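Two complexes are shown next, each including chain A; its partner changes from chain B in the first to chain C in the second.
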Partner chain A sequence: MTTAVSRVGAVAAPARRVGKLHREGPAAYLFLSPALLFFCVFLILPFIFAIVLAFSDWGGFDLSTLKWAGFSNFGDVLSFDGTFVKPILVNTLLFAFGSVFLATFGSVLVAYCIDRLSFQGFWRVLYFLPVVATVVAIGNVWKMMYQPAGLINAVLNKLGVNSVGFLSDSSYALPSVTVVHAWASIGGAVLILTAGLKAIPEMYYEAAEVDGANSWHMFWSITLPLLRPALLFVLITQFIGGLQSFALIIVMTGDGGPVNATNVAAFEMYQRAFKFGAWGTASAMAMVLFVIILAITLLQLWIARRRGEETS
Partner chain B sequence: MRIAKGLRLAVVLGLLATGAACGGGSDSGSGGGKVELTLLSHYSDGPSKDGLDKMISEWNKENPKIQVKAQVVKFDDLLTTLTVRQTGGRGADIVSAYGLWGGQLMKANVVAKVPDDIATKIKAEYSPAALGAVTTGDTLLGYPTELNTYVLFYNKKILAAAGINKPPTTWAELADAAKKTVKRDAKGNIQVEGLSLIQDGDNKSVHPFLSLLDSAGGKFLAPDGTAQFDNEQGKAALKFEGDLAAAKATNTSISPTKQFRSGGVAMAIQAGWWIGSLKTQMKDKYSDVGVTAIPGPTAGSKGSLAYGFFMGVNQRSKHADEAWKFLTWMNEHKTEDGKVTETGKWLADQGLIPPRTADQAEYKKALPDPNLAPIYEAATYAMPEPNQPGAYEAKTALHNAIMTVLADGKNPDDALAQAAKAVKPQ
Partner chain C sequence: MKRRGKFPWFAYLVVILGGVAMVMPFLDMVMSSFKGPGEYGVIPYKLLPSSFNLDNYRDAFSQLELGRLFRNSVIVTVSVTVSVLVTSSMAGYALAKLRFRGRAVIFRFILATMMLPPFLLLIPTFLIMLNWPLAGGNDILGRGGDGGLTTSLISLILPFAVSGFGIFLMRQFMVSLPDEMLEAAKIDGANQWQTWRLIVLPQTKPVAITLGLITFIGAWNEYIWTLLISSSDPDLQTLPVGIQLLQSFLDPDRTMPIVMAGLVISTLPVLVVFLLFQKYYVRGVVLSGLK
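For the complex of A and B:
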């Protein structure tokens, strides 16, 4: 009997909760509405519009000139005769992978060192400064240093090496801007990784020390595995940032040159839309870039989940 | 049917988000019978701004019911500003634009058709080069304003030190002078560049190349937008440039606008507007500067490129009649002595060629600087820069091709063939 009563009670309780939820639903949506409206207006609707444009021929401004173009924009964009796949998309991936690799490697090293230094706040602020500085300032300072008569070439000349056209030689231009992008993004990653380092319990290191492990063993077997969630977050955000970034390239090379050597997908999209008035092609490029970013992010998450890690 | 309905819904929703459908009017205003027109231009500083402001304030004083307000941005931001403001429904009533953009602005219904009576007058009174630079197909885009032609600037002292006492008159002489004047230090750093084949700004290698192409009798684009440069003349012009790059007599990393004034460049193919900057920057040393026509492959041949700006009326302006009234006054009213138009004087004072034939003739009578003569002369034979829809993209494709030759040593024939393939008539 008691059991029957408790069963009835168990069935009734969720029903009450559901009823309560139904009553609270409108209020919940009312509170959520500003955020939902923002999300719709600034993300969902432009995204839908971009999809429509990707299948259209439109010169901008006047909707009456919008014409259905089918898949022709995608055909132009993905054609191997064009410049988007090679060199632009290849540059984009090299720029993103290169800057992620350098920034991640650098930030792990810097964060690990900072974690063992006094005045940690000072060092963190110092490395975070490039993140606070504007891209224009960073780009211009590095541009001056890369000039034929700039600081880096002056050092090379002192060492007996001939001047290098860091931004004018198409073989060096992309690596040169990649290094600057990596340098500028180290600060943010250092902040996240030092927080990750602080979360590793000290007792693991003490136990390893008792077992006779050296610094390298401790870094490889304790620090790196336990830093994986923070590292995964850094990798994903840096990679997405790298794929979408183009402001630094505009400042340092002006037009993605020499000869498209530093032209990346986001910059090409901007040029197509705002310079050439080819909004359809620009939107098709945006869709291709969206699919690539989605695929790579899902791949990173899948690899991380296979190893039992999550970013949150 | 359902798909079409969905598509329309998506477009409308998207526009709501992006603001492209915001009103569709310009940001001009009217109240109490008074109309305020906005004029967007790149005349943002120096004599160009002062001269335009002077004309606007004169008009505003004489026409209290039609007031004009100038909005200025730097040239590099002009197209983006124009695009963004137009998209947001806040385009200016009067737009000053680079002729090259004319085709795409016309295709996107940004610039209004010039009224027939005004178009007839413009066609009769302006020079062919100025008209060509601001006409797309048969459509005139507005009043021609700035007109620039390309010429060869040279440093007399550097040429004389290399034993050259007269400016080059053929490609062979030009190449010879470039190779004789180039100087490098032991580390390979360039101290003096022989001949600069680039200019500041967008697609920096194209204008000098097109000037050489013109001198060889070649063309850039056909009226339908197809590439015309992938032929004997184009290959010869690019080979000429490629040979100079291979001989290290030209280098794309040197900026002539920064290095010429200090003797770091012996010769440069540049637009006429540069003369004003050189006078200001070089002061006494300006006497070392010489200007001549860009030589062609054979004796007596020469070439140049003419590009222009125009002022037109926004198709979305609610006060198009008033805007045309102002533009007509601005371009037709004369200076106090009655010899030239105020606009002609404003442009000539900046070292630019006045686009109106009568103004040009008046200034040619007594040029204050002999270096201006070849610049004015070039307006009679220069190739107008094509500006049909797609011309800007074609120019960028050509720029990339030229740079592969100058910076990477690629074969000129292959580079031109690739650029021609990238040109898509619209």
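For the complex of A and C:
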């Protein structure tokens, strides 16, 4: 009797699930409809539009005047006598690599050290403050501190160093802005790395201690290898952020100056589109930057996977 | 964890030096906001103002029309946050708890939406807002008007009204809610809408606070899009944009302390909200690292 019941149940269960699939389908799509509608209008449509614009010649206003231009926009953008490849793309890469290097190095060091202290929550909040502040606050405060009569030059003068025109000297401007971007991104990275550090089993360290390893050894042979997933996430998101960010540059240098010294690709795209109405060229720039971001992201994933296979 | 290694003094040194570098700019911002005429931008530099009078704050309110900026910021931020919370919890519920054809595909699509960098969609989204049908004098094909949706605060809300990250966060949380609870509601005669409203929503409070906080701070600080939209219509400026534009056309040494006062006022609300709920914010950032 019991077997019969359970057999009936076994047959009935999948039948019920199919019935449910039909019953829950309409409700599910109703719940999803605001999101799906949104993504159609604000994601799929603009994405297609972005691709179309990059390959067309268009003066704006009326879509019927849109003309197919093939790769000519890309030719204009990537030609070597223009300013886009050098200095703008070069600046973009220097800005991204520089700030990712500084922020990653800084956040690993800080997260590792905080992990050893009391009041860890307090320290983490402290480092997270710049993430909460608006880019307008960060940009203006640093601009103020970089001025000839600002805090940083005052400290340099005390140390016997001459004042530096951080934002007015074209050889210092890009590094100066890069440092601020790194400073502002350390806090977020510290949080993620902390989660990674907490996930490392304590017994590994205990075993290493028994073997007589010092803290330096432990950091290199336990912490760093086991932190790799968190580190990879930090690197990838920081690179994506660094390659496309230009809000800080608008706030700090206004026009990417002095003479393009701090101009980056996404900012140039913004200016070309909204200042000069060069929609085609600007969209081609956006595509080039998008491909670069994609390539750098995939490259990091590929390197990480190869490394992973070698060690395991 | 604390006893590992023999050099906590080194850790303290690093963390405190770094902490000073983190706090110093904010301290300089607050101090400069009190500096009177002739005190700012002079050598030798002094961190402390001669007195803590509130003249710059009064000037910030009158010159910046801070009240108007504040009102716009609040309207946009609250609308975006509410919208993201509602749409994320609805979509998240469907993806976590309802069975339907296409669920896996839609979930993967939501994940993919997070990969598209915002700058790529900046130009086309602006053109879409400009040519929005039946808005700002446009005809049904989105032609003829002057400005379309870009002349209204809606243009600052709509492009941020749904968040792929929010849906993902909600879905991940709701998957772990026990099915028995939902079954029980169904047996009691609740329909899907009632189940979501009365059973699921109250359970999602912790993740809703996390998502609300991340969205609130992001919307409050949003800069590039608002700068673009308000460039033709200053009535749409929010706090960050209005404050930034003040100093570009006036004498910087005179206006910088007023700008700093404005920045202190605009940073305070986020700072307070963040400090009150920082536990939730921290968890959200950590969760986002696990996708």
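Basically, the second predicted complex is superposed on the first by the 268 of 312 C-alpha atoms of A that agree within 3 Å, B and C clash if a C-alpha of one lies under 4 Å from a C-alpha of the other, contacts with A are read in each partner's own complex, and residues count from 1 in each chain.
Heads up, the rule we're going with is that a contact is a pair of C-beta atoms (placed from the backbone, for glycine too) under 8 Å apart; a residue touches a chain by one contact, two chains touch by 3 or more.
Just so we're clear, the structure is a prediction, and the values are computed from it rather than from any experiment.
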First, second, both or neither for A:Phe49, with chain B first and chain C second: both
First (chain B), second (chain C), both or neither touched by A:Pro148: both
Chain B versus chain C as contact partner of A:Asp255, first or second or both or neither: first
Which superposed partner A:Asp62 touches (first chain B, second chain C, both, neither): both
Contacts of A:Asp169 with chain B and chain C, given as first, second, both or neither: first
Touched partner set for A:Tyr29, first chain B, second chain C, both or neither: second
Comparing the two partners chain B and chain C, which touches a greater set of residues in chain A: C
Touched partner set for A:Val179, first chain B, second chain C, both or neither: neither
Touching partner for A:Ser118 - first (chain B), second (chain C), both, neither: second
A:Phe274 touches, of chain B and chain C: first, second, both or neither? both
Set of chain A residues, in rising order, touched by both chain B and chain C: 41-42, 45-46, 49-50, 53, 62-63, 148-149, 153, 274
Residues of chain B that touch chain A when the two form their complex: 7, 10-11, 13-18, 20-21, 79-80, 83-84, 86-87, 104-105, 107-110, 187-190, 202-203, 251-253, 315, 389-390, 392-393, 396, 400, 403-404, 407-408, 421-422, 424
Chain A - residues contacting chain C, complex: 17, 20-21, 24-25, 27-32, 34-36, 38-39, 41-43, 45-47, 49-50, 53, 62-63, 106, 109-110, 112-118, 121, 123-130, 132-138, 140-142, 144-145, 147-151, 153-154, 183, 186-188, 191-192, 194-195, 202, 205, 209, 214-215, 218, 230, 233-234, 240, 244, 246-247, 250-251, 254, 266, 269-270, 273-274, 279, 282-283, 286-287, 289-290, 293
Contacting residues of chain A [partner chain B, same complex]: 40-42, 45-46, 48-53, 59-66, 76, 81-83, 148-149, 153, 157, 162-163, 165, 167-170, 255, 257-260, 271, 274-278
Complex contacts: residues of chain C adjacent to chain A: 1-2, 4-8, 10-12, 14-15, 18-19, 21-26, 28-29, 32, 41-45, 47, 86-88, 90-91, 93-95, 98-101, 103, 106, 109-110, 113, 116-128, 131, 143, 158-159, 161-162, 164, 167, 191-193, 196, 217, 220-221, 223-224, 227-228, 231, 239-241, 243-244, 247-248, 256, 259-260, 263, 266-267, 270-271, 274-275, 278, 282, 285-286, 289-290
